[in-house]
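The structures considered in this document are given below.
You will see subunit A twice below: alongside subunit B first, and alongside subunit C after that.
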Partner chain A sequence: MTDGKPARSGRRLMDYYWERLRKNRLSIIGLGFVVFLSLLGIFGPIFAPDPQKTDFQTKNLPPMGFSIEESVYEISTGESITTVVWGNLDHPLGTDSKGRDMLAMLISGARISLLVGLLATGIAIFLGTLIGVLSAYSGGWVDNILMRFTDIMMTFPFFLLLVMIVFIFGPSLAIIVLVIGLTGWTGAARLIRSETLSIRTRDFVTASKALGASDARIMFRHLIPNVSSLIIVMATLSIPGVIMAEAALSFIGLGDPMSTSWGTILNTGQHSLDTAWWVAVEPGIMLFLTVLSFNFFGDGLRDAFDPKASI
Partner chain B sequence: MMSETVLEVKDLKTWFFTRRGTVKAVNGVDFVLKRGECLCLVGESGCGKTVTALSILRLFDSPPGRIVGGQVIYKGDDLATCPMQRLREIRGGDIAMVFQNAQSSLNPVFTVGDQIAEQVMVHERVSRREALSRAHALMEEMNIPQPGRALNMYPHQMSGGMKQRAMIAMSLSCSPQILIADEPTTAVDVTIRAQIIHILRALKTRRDMSIIFITHDLSLVKDIGDRAAVVYGGRVVEVAAVEDILKNPAHPYTVGLIDCLPDVSSQDKRLPSIAGNTPNPLEMPSGCPFHPRCSHVMDICRSKMPACANITDVHTVSCYLFGDKNGGIAR
Partner chain C sequence: MRSYIIKRLIYSVIIAWGIMTVTFVLLRLGPTSPVDRYILNIAARGQDVESVRQAIEARYGLDKPVIEQYFTYMGNLLQGNWGWSFSTSQTVVDLIASHWIYSFQLILLATIFAIVLGVGLGMLAAVKQNTKIDYAASIFSFIGISIPGFWLGLMLIMVFAVYLGWFKTYYDTSYPIWSLENIKQLLLPVLALGIGELAGYLRYTRSAMLDNLRKDFVTTARAKGLPEKTVIGKHVLRNAVLPLVTIIMFDLGSVVFGGAYLTEIVFGIPGLGQVSFNAIFANDYAVVVAVTLIGTFLVLFINLATDLIYTYLDPRIRYD
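After this line comes the complex of A and B, so read on.
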């Protein structure tokens, strides 16, 4: 069991998980993109120009390396002149129909997507963990009431609720985060409850009770740390869903009008899909890559934490 | 040995109300524990010795279990009825318990040092640093080699014997007066067993601590016990000093148990056994629970539970073969 080397607490366990995670190439690529996106979201807006600044002199500029033909009807001669417009370094990813810089908008979108994704998932997982562990540990009527409440929450059509609340309270990021967070905990609660049920019968729970631990201590020191791998995996895998929900909401025009999110850009791009295709394609690619990365990373984490998985 | 009483269990009854019926797992247990002595609770599987131990600290699952009668007196408090708050202070602080399965009695996600230090901090207001140094001293006391290194280990990095010793260290972290050890040596091999017995014996004298040692193994009783209480059918049937019990067993069940001890030098191929099976806990026999298996059974045994009879001042037995046959008062 014990090898010759001195046991280093904490670090060693993390090293072990990191070793297992590293063997999954896809999940490392996913992690890489998530890290890149986070850096972009945190530091990007400092360097990028204002994503809301319009400039009609440079509207509909294609990304660098691409060109479009622009026809201008010349009134004096009565004929249309076609010029070829190339993308340039000032706007490396092009501009939209109002001349806003696409790169700046995508960076701003990254910040918003991650912010909403992390905050809403944070609220949802926090509530789910609390309700799941409390339910499993208490048992009896507490368990019954909490789980029936979860069932009821699950029957709400989530997106409809979101649309309704945004419609009533007005669109703002805070409302969106709160609604997604306060409705999204149900699956987590059920999963964590079932995991906790098996852990609470383990001997170390009885042993710590025998040595005077209070119920709260057992829940927070013994039960929750033992389901933490499940919590981490679940959080990672539920972030993309939240990002998609926020994008969808912004796309149908119920997003925060004060901020530029990927969904908002998609919505703008939809109207000029025949002329300025990049306005819709670029945020689409970002969403696609983000969701995929989180899923790959989450899958990798799940395998790394699962002692039965062969890697 | 005739020192003050630290714990008194009086007519304790813990019943489990299950769907199939009421299991009277502990049905009128009496014993006293003196300071600095090791009392062994001996009996077969399912006789109620573990539930007795769990009942002292109210650790059984409730529901379905409930203490339906009796008292557990410790320092003037009745642990069977005292408020949860007080009971939590006593658990670990005054009375600690070690379980049979050390393999799973430690939390797998924290280092052993963390867990012992936390245990100290639950009961006393000390800094983490002080708690850790206390943990270090305890591991040393448990004869664990390289205690500093062991504190940084996770349970899965330790051997079974080390885990059991770490568990004992943890339960001793707040210097309890009483240690309840529930078959602490069943899951470990004989050499580790000897070490653990040695440690417990040393603790008893060094700390003047009382130990309730639960076992089904009479040879262990001889090694560690001062007095022994034989439990059968949820009742204590005989209490005496260990030498007394082994040399002059009175109750037919105790006699049977001692006859079953394997003797290495004996040439007999077959071990003797007590005829019959342990009673079904849902349908306890009337009267003395041992009467269906007893070779000395009398009519009165089938209807009335015999009272305690004194053979000597320190040797009591619940059997109609001893004392006044007619005066036995059923409880």
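After this line comes the complex of A and C, so read on.
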């Protein structure tokens, strides 16, 4: 403590938050799954086969340990023969109606979901922070215009706006990331604005103003660091919404046609509910677990950062 | 109070103008103009593309300067001239008029279902705080918030319609809207759409009830010997539920409309979501834009209505 370096006290603060976070078991489970998913998304595609590779010899293969009855019409005898087909180790999670490997597709989907989730949330939170802090710090007509614009953007139902813009600009991963990022900042802007408004009146801000600090310095060195825990919590809790939005767009056919995401698999799966249930079940479970994990983790983070929350 | 209402009305008009302007800008920024989309269909039929393009551009005023187009666009919207749906060969207004009821019934039933069960279970969880019931409710709400509604819909169809055969796998439009058969076939869609809403309301009601239970006026009410039923039902619940009105309204735009859009597609309900979905693949841009605009104006109108209703519901709110 004698050296009094701020870096050390920052370190100790992190340790303190981590201690609090660790006590929330669900939150750690959530974090664990997110880490697992990230590893899967980053390294999985190196080992997995090509998710777009079709093979009609092995289509509609059930996952390992499951079987389906398949009727084959035999031309030579004119009878249909029912055979039992078991899943095998070549395709541990089965194949879809075009013989694509489900495991490979799910891994590809994990990569897309995380990529879109992180990038779009990054853009949205960056914009939200900028607009929120600028609005609160400037006040006056800047605040007025920015907040009215926020109100306008907030009135659009989020998913309907997404559908319209992706329809106008054409579906691609870059467009989807940009559109979600550029439309998803409104909630963050409002929250950060109200938080900044209360910090702006504190003594240390007045003090640094008296010392001649520039507006930019006050915003970036004093205001934004003080709302950083709020930013982190908000980012974590908005990722699941973004992932669901991307899945929903892909599900209705407005996803990137060049890539395999969980929504795209669900889209194929909905047509084979009676013959190949796993195609619709597996990506949905992944989506559900991912969203659940981020929600658990985000909730834990919020409590860990909140000095009033009892843990 | 009257000046507040007037101010609120003027403000809504400004937002409405903003909504239309943002939409116009988006349409102009798009890489393919509405004409191009239409021309794709013409070209597919082997007609002369260039002459058709000029004819359409002249007809829709797209050869005029942008600022003039902007005013024409706004004028058309205000006069209820929302465009022509070439994939269904009728005006967009007619198309919407014949389909809105399917979306409306779905959203209405799902919201009622979510409010009744959400508030009920939330109350129960709060009153029985830290018991098994409370934990079960909390796990249920976490699952409900995290489960993608459109996937839940698929799973419900798979289990209850495909495998068990209790329901039809498609939506039957031959039943009258307000008939028992129709309500029955809406059971699964309402469940798929409502579960997320329900979970949200449950969570909110529980925490709002717990907040209010700690307040002094509750202690006073108990101290003066009121039965627990009255304390919970009148003093706590009323205070806890009032802000729920705002949350329900906010949910409509942020979750419910999008959820209904997807639910309609999954279950084949011919509401506005389905209409917009079909229009996307027919490149029928006027319909896609109209459905989004209608949803947006509805949110705007509902926000305004909520604010005005609040002035009666909560006399504590002050206006300046």
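Rule of thumb we're sticking to: the second predicted complex is superposed on the first by the 303 of 311 C-alpha atoms of A that agree within 3 Å, B and C clash if a C-alpha of one lies under 4 Å from a C-alpha of the other, contacts with A are read in each partner's own complex, and residues count from 1 in each chain.
Keep this in mind: contacts are C-beta pairs under 8 Å (C-beta built on N, C-alpha and C of every residue); 3 or more make two chains touch, one makes a residue touch a chain.
Computed from a prediction, not measured in an experiment: that's the story for all the values here.
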{"item": "Partner chain(s) touched by A:159 [first = subunit B, second = subunit C, both, neither]", "value": "second"}
{"item": "First (subunit B), second (subunit C), both or neither touched by A:208", "value": "first"}
{"item": "Which of subunit B and subunit C A:240 touches, first, second, both or neither", "value": "second"}
{"item": "Comparison of subunit B and subunit C by subunit A residues contacted", "value": "C"}
{"item": "Touching partner for A:248 - first (subunit B), second (subunit C), both, neither", "value": "second"}
{"item": "Contacts of A:225 with subunit B and subunit C, given as first, second, both or neither", "value": "first"}
{"item": "Contacts of A:13 with subunit B and subunit C, given as first, second, both or neither", "value": "first"}
{"item": "Subunit A residues contacted in one complex by subunit B, in the other by subunit C", "value": "none"}
{"item": "In the complex with subunit A, residue positions of subunit B that touch it", "value": "57, 59, 63, 88-93, 96-97, 99, 101, 104-111, 113-114, 118-119, 122-123, 149, 152-154, 156-159, 167, 170-171"}
{"item": "Contact footprint of subunit A on subunit C as seen in their complex", "value": "14-15, 18-19, 22-23, 26-27, 29-32, 142-143, 145-148, 150-151, 154-155, 157-158, 162, 252-254, 257-259, 261-262, 265-266, 276-277, 280-281, 285, 288-289, 291-292, 295-296, 299-300, 303"}
{"item": "Footprint of subunit B on subunit A - complex, ascending", "value": "1-2, 6-10, 13, 140, 202-204, 206-214, 217, 221-222, 225-226, 228"}
{"item": "Residue ranges of subunit A in contact with subunit C within the complex", "value": "148-149, 151-161, 163-165, 167-170, 240, 244, 247-248, 251-254, 266, 269-270, 273-274, 277, 280-281, 284, 287-288, 291-292, 295-296"}
